[in-house]
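In what follows, structures are represented as structure tokens.
In the two complexes that follow, chain A is the common piece, with chain B as its partner first and chain C second.
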Partner chain A sequence: MANGNDLLDTFYQECEDLLVAMDEGLRELSEGESDPETINAIFRAVHSIKGGAGAFDLTELVRFSHRFETLLDELRAGRMTAEEDLIEVLQFSGDHLGDLVTAARNGEESDTEATERNLGLINKFLGPEKSSDEEVEIEFEPVSFDFDLGLATGGAGRHAITFRPTRDVYQLGHEPFRILRELAELGTLEVTLDASEVPTLDDLDPEENYLSWSILLETESSDQAIQEVFEFVDGLCTLEIRPEGDAAEGAALDTTPFDLAAGSGVSAATTVEPVPAPVEVAAAPEAPVVSEPTGSEPAPPPAAAEAAQAADARDKQGKQKAKGSNASIRVDLERVDKLVNVVGELVIHQAMLFQALENMRLSSGSELATGLDELSQLSREIQESVMAIRAQQIKPLFQRMFRIVREAGAATGKKAVLETAGEMTEVDTAVIEKLADPLTHMIRNAVDHGLEAPDKRVQIGKAETGTIRLSAAHRSGRVAITIADDGAGINRPKVKSIAIEKGLIPADADLTDAEIDNLLFLPGFSTASEVSALSGRGVGMDVVKNAIQSLGGRVTISSRPNEGTSFLVSLPLTLAVLDGMVVEVAGHPMVIPITAIVETLKPPKQDFHGLDSSDWVLSVRGTYVPVVDVGAALGFRTAKDDPTNSVVIIIEDEESSRTALLVDGIQDQRQVVIKSLEENYGHIDGVAAATVFGDGRVALILDPSSLVEQISRVGDPSNGTRIAMEERHAATA
Partner chain B sequence: MQQQLEQESAGGRHRELVAFRAAGQDFCIDIMAVREIRGWSPATSLPHAPDFVCGVINLRGSVVPIVDLSVRLGKGPLQQSERNVIIISIIDTQVIGILVEAVFDILSVPESAIQETPDVGKEKARSLIDGIFTEGERMVRLIDLDKLLPQQEKSAA
Partner chain C sequence: MTIKVLAIDDSRTMRNMLNYALAGAGFEVTLAEDGQDGLEKLGNCDPDVVITDLNMPVMDGFGFIENVRGQSHWLGLPILILTTESAEELKAKARKMGATGWIVKPFDEEKLVAAIRRVAS
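Let's turn to the complex of A and B:
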């Protein structure tokens, strides 16, 4: 089906939300929370997906979600209990449902084999799929109605419904009137209010419901269609739907001012018309009366009901907030980006104005100056607000990882659970999007390589099930994401021997523990010799590192034998602005991200030590730091013979190795708007992006790590192992 | 000249072209590719850039690379002058500026008047030229914008 279809797009967007809700419910369930609302929430999500899928003729999705839903229904009705094996099947089914939705969305062939396998699992609980059930469900074609199915007595199309809401219906903000109105759309409706249970005013509980309704519905719709009207109050009311023949026996109908005979005559005439068959055809003969027993209570007078409703609406709001689903609107990301761009422009122009004003040498107390001051505050505020629009909770991303852990555990035969923290941490949407792949890979790695096999864990006295901890937090203007396992830690001798074997380091290299750990990030480290079901996709940690670096992030690794390994990913809050130091290089102003800078100095001449004609090291408090002349590295000038009249900026990269950058001077420190160079030009080694200064000129934002890497590529690898490693790294990159 | 154009207009569709001078020669590009023409403003040099990329400028918030057409054609850099202009053009989704001596005309030329480039000359220059035609006394070269920036840089964009 064409993806240009607006309705379809909306459906898929809703599916996304529904799948998140479903996943959340399933997870709560797996954590032993089996209250009816949780199960209901999962059921509703699956049901809504099925409904939408039916409307768009996505047959496989409909078929699968139907069986899934049936299984959930059994659970909801209490005919099954949420045992571990059932929960597992539910989780797999949830995953598969997500896959089916994705496949349908991308217009890909869905994995029918997986569907069958999964249906097989479900059928273990439900028994085999009934063929009639399946057929009717998939095709959604009008099937002529067979009245021998137990609905014969009253004639098709006439249903007697007794609807008795509990107080919960109002508490959750449902409105019987809407339900009745919806019923009226199905056909001709005759409604009788039964207010007989309303007590005297003294005994009246204003929050209680004392009302019930008897409804006589004449319709061509199926039982199922009628039941769907009551979908959202399911479990919150006592509901009886009977073919009208039986209804005569129903006590509620005694008060009905309805001519039964005449009614029957009319409906009898319509019986030949094809009617969409009900889903539960097979079930119908045994149980023509559908009843959802929940505590039913007598009804309040209308005024009290209204008051109760108002109170309930407030309750509902509170409840929704607690669930984290605040009132929100969907906004196209493009629109937000446009706004971000325009606001960026605003900030630049305001800076231009400021500069122009300074050139006019007006006194700082002048009206113009104070006005401009206020303007700059406002524009900064607008900028922050706009950035906040782009920010999103990291929760959906984290939730996806539960599945990754499950799958990775199943594939490797390891037992693993995921614990998350800081899910509410807000990060720029673009960062979240681009983080998905590296994070997935790191989580898989943690299960696959980090955790020990269950029997080994038991042997050494650890819990059989390994724990992966995934947490996010804001830390000094950046987002810190930690992925930690409680596994064996990095096997350093093995890592080192692999690296030597692969020729990544010289055989006699003397490495510190941290340096060995960092070997994992070298391209070509992860290869076929350690292929398992999960790895061996040709994706190594170097790809993860590159992906994170391209986001302006850093990743560091730390590991303790037998206690586990943890990766710390540090990301910028936004990809739109950056705090930078403005420096001058060969007459060009350039920006160095503050986050990379450790310190700035103007060292005396004797601290520089020449290695050979052009290479220098700088002694900083007893350690030697390689010196990189930025101007020469960028090709703006030849290397300086004498570095002593330069300013030195010490930067630190992900491996905590330090480099001294030589620049001609420091001008300023400020927040700059990041502009893409790639969009109209292309990538430049050593340059992360560009920005526009107050005077309207473009300045480049340096990428210190790639600058250093680039130098060591052409540099002389005489400066110990670190440079030698980096050189290889760069050469293979 | 006018007559010649009118005669040939019956023969084919007309193309609107912006004609300009660079390196002492006359060139043109399709007017649909031109977004605006602006005066010279100093560009920020890019490291490791080909010699014909003089740098980038700020075009209302976008960072736009500037190509010195004269250098691109294998001649020396353009003589700095007040009349120099930058033609901001769009190639696919990419925006670039072309630094030229001066824009002199907008021409309407029938398709049939544009001849294929004869197989002579420097490889570098010829690969840029999509066709030529005569405009009065001058020979005007039609620039193939796609080839203005080297391929690998475009693919990185």
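Let's turn to the complex of A and C:
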């Protein structure tokens, strides 16, 4: 059974979804989409947050969401139009609502000043909070029934009650008998039935009520308790409640709004307007008889209704597919992680079993071997299914970035819009979580450092508003996320001079453009000379790079003067397993991710072309590919003089550049469980993680792209610079 | 006899709380996410009482009531509205369409249960 905390958790989880929906709606609104359903969806999200917040007594959240909702309601009702200034206030309010939810969730003090400021903005449109609004708020007190009568005098004693329900009272789901029964629970009851209104059988409509009652109730209960019994029939009956023997009080009670005549125009309308449904009902065979006009015994549905239900069911199947997210459950991430780990162990043990049987030299056609094959296929399916559970669309993360761009733009006086693509790309939940901080920082940077000031942009013929493009896609078994701005590009002379100034590179260093760009990732490189409202936060790109590397990811940078800068973040799809090719390097087993491999070759000697004693390129079908000797690159041995006794594995990175890796031999291909080295050891260039084989051996999982990157750096003419940089890097690792 | 309740609300939080409160009171609870979903579940769960929110996607509470009251079979089914709204014109509209009662959110568990017992057969 759920407890209060579970309920609260659900509320916050739902808030997350609602905030995403709200943000999306607000964004569409800001892009000129003013279709009623968009506005309604925003309204509903805020409304639901308010409703839940009320249930949990989160007063500030209720107060703020109520005003926000009121503003949205004005827009929804068409009393306001979605002008730019209104949209801005809506966006601010949406952001603040998110902050309030976060504060409430973390049990923190909310920023009441910001609430007041934001309410002030809302009030500019709505006018000051009126007393009627205060009344509405009273309804969020956890006393919730809707009593129109405030007569709560303690009137124990005898009460004379006249109760005359309207004709249609049964059709609205009421049952006078139950009301009498409930009254009986309050005390002793004397009931007199008045059946004088019942017409002759010919004129009688079995769906209607013709009866009324006079009741003498002796009770200790208060007037209010008695009135509560009639709560729902208020307006559907003529009711008099009179304390017997107290004429004065009785007179006062006579005028209660329960009385049909004194009630609102509504009840009059109810009695006057014909209800069309009973006409059909009278003809229906299962219409209740007059002696038992309860409508409470549901008769079996006629065939037509059954058919309709069947059609409904079919419809529903189709719709559930369309809705998609409807048929989902929420699972604690911990449980999934446990499953992932257990499945990982399963895979390892299955590999061990396989190995043991192989050692027994069983024939491949034996029952045992076939069974084992099936087992391995099944465990693979389990693994894939588990991974699919962990996969999540990157959309919510991207959605958050709209706010970052807005805020960064406001803080730096720049005009910026965010464009996103590939929001549906699925990524491991853990990756998404850990990506939030670095991504936020990169987006901020793009606005702060990437884009030019609006007047400058106009001057050089660009659009006043800069564009930040954020996209995600699956590329060669990894997730590629691009953050691109259309700003000025990296100011390379400036970056270089800063690096020299800070002693990061020698003053006479001769660097390529790409190398200069990469200086941004050096620890200690912070563009402190251009401190702005945002960049003073003390997080450099080196922190971003480390965060991404700890996810098994890479970040690369490219920049063109006046066209902009783009960062490419490449991440593994999952942090748990990978398909790998097991190779041997200098007597050690190593794993190369299959996704990176294009082909394997054993090329003849004439295809290798030496650049110098240890540098080779390989000619593969007419193109030249740089050769990297893995054993030498990892420091196991010196470079080979003769590459022909090696096996060549051609790999391709996210940017589609190819490299030939030299290994000593290929052992097999298998799925391996990733065991992070970084938790216990630290990051090593060229190595992504480690794994354990079925026979208990530990093998390194190579990170081919970083291996290649490392080699190209070592083999670089500007070695001195590089080594200085490597040392810096090592010092922070 | 166990009272069967169909509770319709688009908010997961609210559905959870309703389920908690109502199942805790010994009712047999069926949950639906919007009016359309409620209509589809109506036949199967054959409720004694329906509690519905008003503002919901796909089909709102009014749409639900209109549809239910349009089917002769459900004419006497008690339908309680559970909403944050309290505007008189909405109440009037709901009553005119055939709502049985009106309860304002957030609800008090005991009172909600009492209200259901009051209208349920």
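In this section, the second predicted complex is superposed on the first by the 399 of 733 C-alpha atoms of A that agree within 3 Å, B and C clash if a C-alpha of one lies under 4 Å from a C-alpha of the other, contacts with A are read in each partner's own complex, and residues count from 1 in each chain.
As a convention for this text, contacts are C-beta pairs under 8 Å (C-beta built on N, C-alpha and C of every residue); 3 or more make two chains touch, one makes a residue touch a chain.
Quantities reported herein were computed from a predicted structural model and do not represent experimental measurements.
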Touching partner for A:G235 - first (chain B), second (chain C), both, neither: second
Touched partner set for A:E109, first chain B, second chain C, both or neither: neither
Contacts of A:D455 with chain B and chain C, given as first, second, both or neither: neither
A:Q171 touches, of chain B and chain C: first, second, both or neither? second
Partner chain in contact with A:G635 - chain B first, chain C second, else both or neither: first
Chain B versus chain C as contact partner of A:G686, first or second or both or neither: first
Contacts of A:F11 with chain B and chain C, given as first, second, both or neither: second
Which partner reaches more residues of chain A (counting touched residues only), chain B or chain C: C
Touching partner for A:E334 - first (chain B), second (chain C), both, neither: neither
Sites on chain C touched by chain A in the complex: 10-14, 16-17, 19-20, 23-24, 33, 36, 39-40, 43-44, 46, 48, 55-57, 69-80, 84, 86, 88, 91-92, 95-96, 98-108, 111, 115, 118-119, 121
Complex interface listing, chain A residues touching chain B: 341, 344-345, 348, 588, 633-636, 675-687, 690, 692, 696-700
Chain C-touching residues of chain A, taken from the complex the two chains share: 1-2, 6-7, 10-11, 13-14, 40-41, 43-44, 47-48, 50-52, 54-55, 136, 139-140, 142-146, 170-175, 178-179, 182, 207, 229, 231-232, 235-236, 264-267, 269-270, 273, 275, 277-278, 280-281, 284, 286-288, 294-299, 301-302, 305, 309, 312-313, 315-316, 319, 326
Partner chain A, residues of chain B touching it in the complex: 41-49, 53, 55-58, 60-65, 94-96, 149, 152-157
